[in-house]
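Note that subunit A is present in both complexes that follow, paired respectively with subunit B and with subunit C.
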Partner chain A sequence: MIKRILAVFLATAVMAGLLCGCGEATTQSPVASDETTDSSRADQGNEITVGIAQDLDDSLDPNLMTAAGTREVMFNVFEGLVKPNSDGDYVCAVASDYEKSEDGLTYTFTLRDGVVFHNGQSCTAEDVIYSFETCAATSVTSAVVTALSAITDISAQDNVITISLSAPNPDFISYVSSVYIIPKGYTQQATAPVGTGPFRFVSRSVQENFILERNEDYYGEGAKLDKVTYKIYEDNNALFTALNSGALDLVAHLTVDQVNNLSNGYNVLEGTMNLVQALYLNNAVAPFDNELVRKALCYAVDVDSLLSLTAEGHGTKLGSSMYPAFGKYFDPALAEAYPYDVEKAKELLKEAGYEDGFSFTITVPSNYQPHVDTAVVLVEQLKAVGIDAQIQQVEWNTWLTEVYGNRNFEATVCGFDASTLNASALLARWVSDNDKNMINYNNPLYDETFAKAQASADEAEQTELYKQCLEILSDTAANVYIQDLADFVAINPRLQGFEFYPLYVIDMSCLYFAD
Partner chain B sequence: MKKRADIFLCTGGAICLITVCIIIMGWFWTPYDPTAMDAAAKFSPPSLQHLLGTDNFGRDIFSRVVDGAGTSFVIALCVVAIGCIAGIIIGSLCGYYGGLPDLILTRVCDSITAFPAFLLALVIVSVAGPGTENIILALGILFIPSFARIVRSEFARCRELNYIKSAKIMGAGGFRIMFRHILPNTLPVLLSTVTIGFNNAVLSEASMSFLGIGIQPPYASLGSMLSDSQSFLYSAPWYALGTGGAIVLLILGFSLLGEGLQQKR
Partner chain C sequence: MKYIVKKTCTLIITLFIVSLLAFLAFQIIPGDPTTDLLGTEATEEAKQALRQELGLDRPVLVRYFDWLSGFVRGDMGESYNYRMPVRDMLADKLPVTALLTLLSFVFTIALSIPLGIWAGSTRSRIMDLSISALDQIVMSVPPFFLGMLACYFLGNVLKLFVPGNFVSYTVSWSQCLGYLILPALAIAIPRIAMTVKMLRSSIQSQLEQDYVRTSRSRGSSRGKILRRHVLKNALIPVISFLAVSAAEIMTGSIIIEQVFTIPGISRLLLASISNRDFPVVQAIVVVMAAWIVIVNFAADLLYQLADPRIRRL
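Right, the complex of A and B next:
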């Protein structure tokens, strides 16, 4: 009799166990379970395995890729004439030298000798011109494309490339770094990318992995690792479980809770993610088309308490579309523009005609735990002013098409990064007719100020205008700006040389094993 | 045999009574607001203030478990109700009248069962979008065949029995025979199916929330809590244990009840 009860009990316990198990089943690493010690990390040979939270499914073509996660990886494959370094400066890459004329209208680049593409072809001035032309002609409008439209002439003489501009642009060199040099006439970039970077593309298995190999023909110092395998874990728990089992050598973008739970002897490095995390509001749908409502939301959100709940206080408060890595533009005062004030928020809602609150849906990409956590806290904080927010978690792909592409959302929590090291990388998207203006922000004053900034040749004046843009965003409460997340990187203790960049990239070429 | 069944019934009944009482209590009162956060109390281990400790947002796990169990319970009840009612209607018509409609409906039911139930539910939810109503609908539809099949076989069996034949001779109508004479006789079988179905519904809901397509945060659900607790398995084991324990308890009660009913027969 007791046996039977026991049997039933065990059966249910097993069923519950299975529930637990089904998450882990997907995280099985190729490592035997009895050797999850340090030795089990994939550091046989000179190769590492990196865990990433999203597939590279937008496009591998340097001119078509949009996701920050994709650029983070492809940074290792592609290079421009110049490339950014970890200090935020630009160093020569495919060009060995460059010069800027005094009037800022002509740039002369000297092509480096012995630059070879991953497919064996050597890089010529013709490829460079082709790369600029292809980039300028892409259908994806970006700050880069806009900047390139100012080019009046691009010509080559031997290995010297001259670019003439119709108007000076102090940021021009940062755009040059985003024009990845690709071989002329090569059409398979989207599936088998070929660049000049320190790593070359080997293979991609959809939703499984992405493999890079050392570029033996690299002109410079090049990569120290032979091979980097990116393993894709679209489920955050699965990613963490794999990391904690010791199967991965490097995982970036961890939360503080995850770091506290790491038990496998990783080194943990802290930086910032260089993302503008915000509750992005679709300015075209009611009630967010009403500035008062957006302001009320800003007052209703207590960022300090949010930071202490989600990240034990780590993270930097932002008040506009700019993060502190851009010291030139970042203004910490904007973060205090809307101090936490429930009464004020209620007043504003009353003024806007939403005295009894309203309800809306926050669409969150489920693979980014920090964004989900932020959304969970936001929902709780908004309750205090009578706003009933619902969370809808969607897959990354759905988010990209529905929220980012079709703008079919009310609010979302996500982070925007800068693809180039200049302010317009973060600010161009809020111009009313920009096709990346996901929130349908429409403010003639902003458009005008931004256009002026773009046209300005004087660096000090331009900085001032960009700062004005940031103030306009803050004044009109375009979004509920939250934070630049603390970025924790768990890394195999034997791996050295990791560098944080002011961009959302991870440079694999500086990593090496210390023996 | 009878005595053993009684023990099952008693223990099962007692567990069910306790869980249902706690759940009902949870609708009116929980020690803390299930979504209220407290940065100062993050990851508190179980104590008198927090019976099952707190989670990564400092939310009281006991309150969340009670709240989540309540949600799971209601969903499971609705799912079983949909499955049972639709199953009885389809099953009784098919079983009693037979013929071509019977053949077609049985095959449709078979083909639904041919797919893993969970997969179909996933498809329905990902098309219709997550949300309590959609989960209920998805799972409810999937639970119809199991009920329909059992009711049908009972009806087909009873149809040939003498008391039905005499009822027919006395001029009783089809519906009177089906629902007045046959249905009460299928009750024992139906009841144990209901308890098993209930358990499956609780587990299915938990699994769906575990995968993130069920109840959306911040609202508590046993499955999503179990999923969240995974990340803190080592630093806050009480999170997973409390949540897992609640699922076990909820299911155990109804399993024992069902087992007892089945043996009593």
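Right, the complex of A and C next:
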């Protein structure tokens, strides 16, 4: 009898457990159901729903967030003293004005009046100094930390902040824009971020959504939309289906196939992803330690046909570690340095002693379909010169540890982007002793040229030196440079003002509904 | 009473072993949470500092027992990625998976028992053959494939629903349930087929028993025999099978949540595995293992309840 009672009790307990599990949340306020009218775009009010393909599974602390997807969203929440605009120039943000001394060693920033944090606190010079100190101490972006380490003194007088450097750095202002201004003493940035941007953080629901609202106290013109809801799909097919059903107002980073299959009257804009996709070769392992072999590979790869196979010809050929959004440094001529030439490739291989070809493995992160697609085409193209390449797909974390961290690979297809808007974000990593020099590129001439560029206080001279760096990478065939991928954005036709940035961000504040 | 104590001990030991294995598995597969958290730009010092902050620099067993002692006290730790308490994340996601499991279970019972009885008692040879053929086919279709078919035909082609457009129960209960019906069916359909097959053969074998012939000869109608005697006996194995199904339905949600983009614990589990977010993985693994052990336990009890002959074993 006891057992019978117990059994019944257990069964009920299990059911009850299930039910209360579900019941807990009923107290939460139900929201109007406009989210569900799937077939008609959610045009209600001045708010939009944006679909994103990855969760913001990061710390939201501006100094600790790393994922490109998180930065892309948080760009709307945080600002530095200056911020980049869509032309890649810097405009004043939290500072209303700044000056650089003749010798490039002193920067003075005037704090804008009436800047208020999202938590209602006013922004003071003390907060600015705190932000610089916190960023220098905790930022995960090593380039920013290095740049900030040159600061010998930072001080404030009333609302003027003076920063002194130990050596001039023409890129310094780009690093200033990476120092997001945050309120001093606020400790919950990781889960409830507070900044000064045109949008403020409202809530995040793991793997579901991420909500921003208009910052009413913004000093400038501010956002035109009242609310932006990012809906998380974590699955490209699901994201596309939702988009195609009309439930979303904006989805970026679509592929050509998706654009072709889109049928719901969206406007499609084309930009570039702003990354350097290449077949990165480990210059330290045979046969890629031989420049002739690397050059042979460059000749053996037909980028044009690769682009037409993978993206119907969309995408921009590169030729070196720079993408076209950096108009100042990008040299389209480098993209033509190694025209498709199978005979030449075979000749070079023969000269290098690989007359009968060789085999190697391309390790590709499996979660980036464009890279996988590129690798597949590369394998086919390399067959023509007798090179037998195998594709090994690995999980992203494994890629980070094995390929990027331990440099335990022969070749990989991936894309590098720029974490800050300057050339060294893309070029510093190829200096021989740089700890991010994944491919073990070792060229004293490159090291020297890059060091000169870094030390140069003259902008024109520096640009010239960076261009030389790019030429050296091309001349020595450091990698088989492929493309900057095309980036398609599908947008509600009523939504206007979308701007492509030379960085991996989407500025929601410029969007508005046309009536 | 002794039985309960024994089962509880089994539960605790199972959970202990499962959680330890899950913990050790991460020692074998490559990947380090700090590389994921700090990204490609981080310096080695920053990684070391974070490892220290998260306690990852300590030996694996020390970390395990540290986690265990926290868990026992109800502290599941903090997610490495989201920087929020694991408990809050589970409280948010568990109801979704529980609802999906419950719904799927309800479908399984509500559809399989009537169908099974009908299939078992029908006297038409053709019906019998076609049912068992159909059963065999449906049974061998994996739920994820059914899910994909549903997403494609009902979602993309017929536009009856928007795959991926899950509405949280915090927003609307009815819409949340509405969205979960198809995924629940996708999990349930192969289960239903299995149960029908089982119930059918169970009924048929009972119908051949001597007691049926005896009752018939005493003049009872076929329907009456079925209801009074056969079903009672035939349902015994099915009950425990259904109870075990409850466990398998929960694990079936791992794939179905991916197919239908449902933000339940299974989806969170997979994301956390690739992020190497240990505290979240551990908590979910323990919850799932506990569910399976408890359900099996309940199955045992139900079995004994239904069949007095196997009590006190």
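The rule we apply is simple: the second predicted complex is superposed on the first by the 382 of 515 C-alpha atoms of A that agree within 3 Å, B and C clash if a C-alpha of one lies under 4 Å from a C-alpha of the other, contacts with A are read in each partner's own complex, and residues count from 1 in each chain.
Definition applied: contacts are C-beta pairs under 8 Å (C-beta built on N, C-alpha and C of every residue); 3 or more make two chains touch, one makes a residue touch a chain.
Quick caveat: nothing in here was measured; it's all calculated off a predicted structure.
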> What is the contact status of A:Thr316 with respect to subunit B (first) and subunit C (second): first, second, both, or neither?
Replying inline: neither
>> Quick check on the superposed pair: does A:Gln496 touch subunit B, subunit C, both, or neither? Answer first, second, both or neither.
In response: neither
> Which partner reaches more residues of subunit A, subunit B or subunit C?
Replying inline: C
>> Quick check for you: in the superposed arrangement, does A:Thr241 touch first (subunit B), second (subunit C), both or neither?
In response: both
>> So in the superposed three-chain picture, is A:Asn437 touching just subunit B, just subunit C, both, or none of them (first/second/both/neither)?
In response: neither
>> Taking the superposition on A as described, I'd like to know which of subunit B and subunit C A:Ala67 touches: first, second, both or neither.
In response: second
>> Looking at A:Gln390, would you say it contacts subunit B, subunit C, both, or neither? Reply first, second, both or neither.
In response: first
> A:Ser308 contacts which: subunit B (first), subunit C (second), both, neither?
Replying inline: first
> Do subunit B and subunit C touch any of the same residues on subunit A, and if so, which?
Replying inline: 4, 11, 15, 17, 19, 22, 24, 241
> Considering the complex alone, what residue numbers of subunit C touch subunit A?
Replying inline: 1, 3-4, 29-32, 35-44, 46, 81-84, 89, 91-95, 98-99, 101-102, 151, 155-156, 159, 161-173, 175, 258, 261, 263, 267-268, 271, 274-277, 294-295, 297-298, 301-302, 304-305, 311
> Hey, which residues of subunit A end up touching subunit C in the complex?
Replying inline: 2-4, 6-7, 10-11, 14-15, 17-19, 21-22, 24-26, 28, 30-31, 33, 35-36, 38-39, 55, 57-60, 64, 66-67, 140-143, 145, 190-191, 205-208, 232-235, 238-239, 241-242, 244-245, 247, 395-398, 400-402, 404-405, 419, 435-436
> Within the complex, which stretch of subunit B touches subunit A?
Replying inline: 4, 7-8, 11, 35-37, 39, 42, 56-58, 129-130, 199, 203, 206-207, 210-213, 216-218, 223, 226-227, 230-235, 240, 244, 247-248, 251-252, 255-256, 259
> Tell me, which parts of subunit A touch subunit B in their complex?
Replying inline: 1, 4-5, 8-9, 11-13, 15-17, 19-20, 22-24, 236-237, 240-241, 257-258, 260-261, 263, 305, 308-310, 312, 366, 372-373, 375-377, 379-380, 383, 390-393
